[in-house]
Amino acid sequence: MTSPIDLLRRQVSDLHQELVRYNLVVWTAGNVSARVPGEDLLVIKPSGVSYDELTPENMILCDLDGKVVEGEHSPSSDTAAHAYVYRHMPEVGGVVHTHSTYACAWAARGEAVPCVLTAMADEFGAEIPVGPFALIGDDSIGRGIVETLQGHRSPAVLMKSHGVFTIGKDAKAAVKAAVMCEDVARTVHISRQLGEPLPIAQDDIDRLNYRYQNVYGQQSAAR
Amino acid sequence: MTSPIDLLRRQVSDLHQELVRYNLVVWTAGNVSARVPGEDLLVIKPSGVSYDELTPENMILCDLDGKVVEGEHSPSSDTAAHAYVYRHMPEVGGVVHTHSTYACAWAARGEAVPCVLTAMADEFGAEIPVGPFALIGDDSIGRGIVETLQGHRSPAVLMKSHGVFTIGKDAKAAVKAAVMCEDVARTVHISRQLGEPLPIAQDDIDRLNYRYQNVYGQQSAAR
Amino acid sequence: MTSPIDLLRRQVSDLHQELVRYNLVVWTAGNVSARVPGEDLLVIKPSGVSYDELTPENMILCDLDGKVVEGEHSPSSDTAAHAYVYRHMPEVGGVVHTHSTYACAWAARGEAVPCVLTAMADEFGAEIPVGPFALIGDDSIGRGIVETLQGHRSPAVLMKSHGVFTIGKDAKAAVKAAVMCEDVARTVHISRQLGEPLPIAQDDIDRLNYRYQNVYGQQSAAR
Amino acid sequence: MTSPIDLLRRQVSDLHQELVRYNLVVWTAGNVSARVPGEDLLVIKPSGVSYDELTPENMILCDLDGKVVEGEHSPSSDTAAHAYVYRHMPEVGGVVHTHSTYACAWAARGEAVPCVLTAMADEFGAEIPVGPFALIGDDSIGRGIVETLQGHRSPAVLMKSHGVFTIGKDAKAAVKAAVMCEDVARTVHISRQLGEPLPIAQDDIDRLNYRYQNVYGQQSAAR
């Protein structure tokens, strides 16, 4: 019988292929993690292993301080940030980090992506916000993510001069948020190259977001 | 013997792969439908199912009010818009909806794509027009599509702040229009980044469009 | 034994895959042809057949007036332009037509691509010139190509508001020119988005082009 | 038993596929080489052979003056530049040359890519510098690379109006630098299209680079 942790290992390994498929990552620069439900554990990508070589077996199991519990490689160098999010946001079951091009282009200017597409109102319910500039090595990145996303509708944050972190109820939802974040960051960027996108009224953003997150979800559990 | 509806199920399922191939969609955000000839029925993508998992069998059969006649999943959340088009435009046999990047960038500014390429004169015969801002949930989107495209040469409409809908005599023609719409939206966008594209005289647009839609069609039924 | 015409059929069929690989074409909008050496014949893509379905067998054999000699489909609707080039430029053995994005973006403004990259000096030896606006249906397009390219170092011409035609000693050389044309059109476009590319002295362009077309060729016949 | 040179042949052959995968090259325009450790030899791509046809067997073995020691084809026309680097930078074990789009766009303007992303601080530790305009045919290109990179943290140089050369302790490291160079050249370009990226303090660049090149390396030899 396959254990819940083994299922998560496979899911996290497979989800990295979505980052590749949607061109969100180059070389080894991006990672997915999942919380082990009901335990103080997470599953995450090994550091410096190429996406072609990821398997359920070489995923790393860590505790929520980012210490390795099981695994031959070091965990992703971003593990501390993932772990901080799991410790401080109990509703989060998955975290993704990428340097996807268009999202990073906004992050490099420290500018939020304005909510000017109905798909963005659905998925993000607001602008995609900017988090602080923070160096790797302590809790600064994790704290920046949590402080920006707590109480915000958006599951994505653009960390200044750095990249994107997304959260979700599970790893798949966090990957979807990463895919949609790059997609809208790109579309809004391109739109702004030749003028100013039209604003969407706050009221309409609220209605779209409410419907997508509630009615839509009840209609189709499959999504 | 394969029934006409089974053939349509396969065709609609397969045509979604063209949306993937031409990078018109991410995750599950785009859909193709076909009218069942001679019946008040349509075949459409199931909601929230990824493009890898589409099969002829999981396509959804609906009536022209968008109610499910056969299918295990919910139909695409855009079904009401597709159905409205079939009810009000009897000549339409296929409808496609995407959020393709460059077309959406024009839609976000509420700007039509000007007809400045001979391929655009061939295929669209005019600018690609902008439809109204409309919320999902009632007939607003369908009505916006029909009011914009009725009497217009273009088989594509840019719904303001939202995305693209295209129509065709069958689903394949609607998919072709979606592919060409993104292609010309991209080329004209890029051209305008460094100056103003040269206009094509209305007379030349008319001649190109007439030839492409008539003479060309008579020469080669295969196209 | 395989006849020379059968070999050409295979080569022309296969070379269309390079147009697909390098994203120079969408749907069926681009074509390759080859002159049959020593005969007043050419081999060209059938009209409206998708790139997935091309085979050596469904390539069309035409005379140099563009009349079909052998083939079940109609030949490409651009056959008249290809044929005109072969009639008036005896040194040309291959012709390619595309609507590749960046080249078309320059063509839509009627602007030549300036020679500001050493790879462009190698391959094109000059700017990539603009040909006249010309409608399909008579010899205007073919004449525009020939008048622009005769006596010009560039094997590529940007037909105003339309697309690209390239020529070569054989079909492979014409395909290479189409690939390189889009590549330099894209790089120079992107460079100009943020300033003005540095000019290369005419003398250096001449030296690079001479070396590439002569010394380089003598060193390695394989290229 | 496989000799060290045979292993290098395979490695160099395989690494060219990474240039293809990351869209750094078109047609045959880009090459990878590796120094044979402890010998005055290098392994490099044959000239004018397409990436599909590269095998360990058709790689070319040259001395450090660029003369062929073993191989049926001519070596890459850029061999003299690679060889010059190996002669003058004994710590270098791999060299890569590409005309990747965004890096070339900066090179065409003769502008360095500013260090405004944490991933750039990690990998390049500084701006990506511009080398001189230099013609092929003598030691000018090699000398320009060495003079620009000696004493510089960046493993990549943008040769003015030409393209990119990257170096590394081995061929894989040089390929990684080429991939990351295009990635950051693209992101910073796109960021600057709509404003000015925020600077990163020199102190923070230093700390990030030190950590990535030292602490990070010690943690995970696998990267």
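For reference, chains read A, B, C and D in written order, and residue numbers begin at 1 within each chain.
The rule is short, and it goes like this: a contact is a pair of C-beta atoms (placed from the backbone, for glycine too) under 8 Å apart; a residue touches a chain by one contact, two chains touch by 3 or more.
Here the structure is a predicted model, which means the values were calculated and not measured.
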{"item": "Contacts common to subunit C and subunit D (chain labels)", "value": "none"}
{"item": "Intersection of contact partners for subunit B and subunit C", "value": "none"}
{"item": "When subunit A is superposed on subunit D by its C-alpha atoms, the rotation angle in degrees, nearest 5", "value": "90"}
{"item": "Most distant chain from subunit A by Cα centroid", "value": "C"}
{"item": "Classification of the subunit A:subunit B interface as same or different, half of numbers criterion", "value": "different"}
{"item": "Approximate Å spacing (C-alpha centroids) for the pair subunit A, subunit B", "value": "31"}
{"item": "For subunit A paired with subunit C, centre-to-centre distance based on mean C-alpha positions, whole Å", "value": "44"}
{"item": "Of all residues in subunit D, the ones touching two or more other chains", "value": "193"}
{"item": "Pairwise chain contacts under the document criterion", "value": "A-B, A-D, B-C, C-D"}
{"item": "Complex contact set, residues of subunit B against subunit A", "value": "26-29, 46-49, 73-74, 77, 99, 101-102, 104-106, 108-111, 133, 135-137, 160-163, 189, 192-193"}
{"item": "Interface residues, subunit D side, partner subunit A - complex", "value": "22, 116-119, 176, 179-180, 183, 186-188, 190-191, 193-198, 200, 204, 207-208, 211, 216, 219-220, 222-223"}
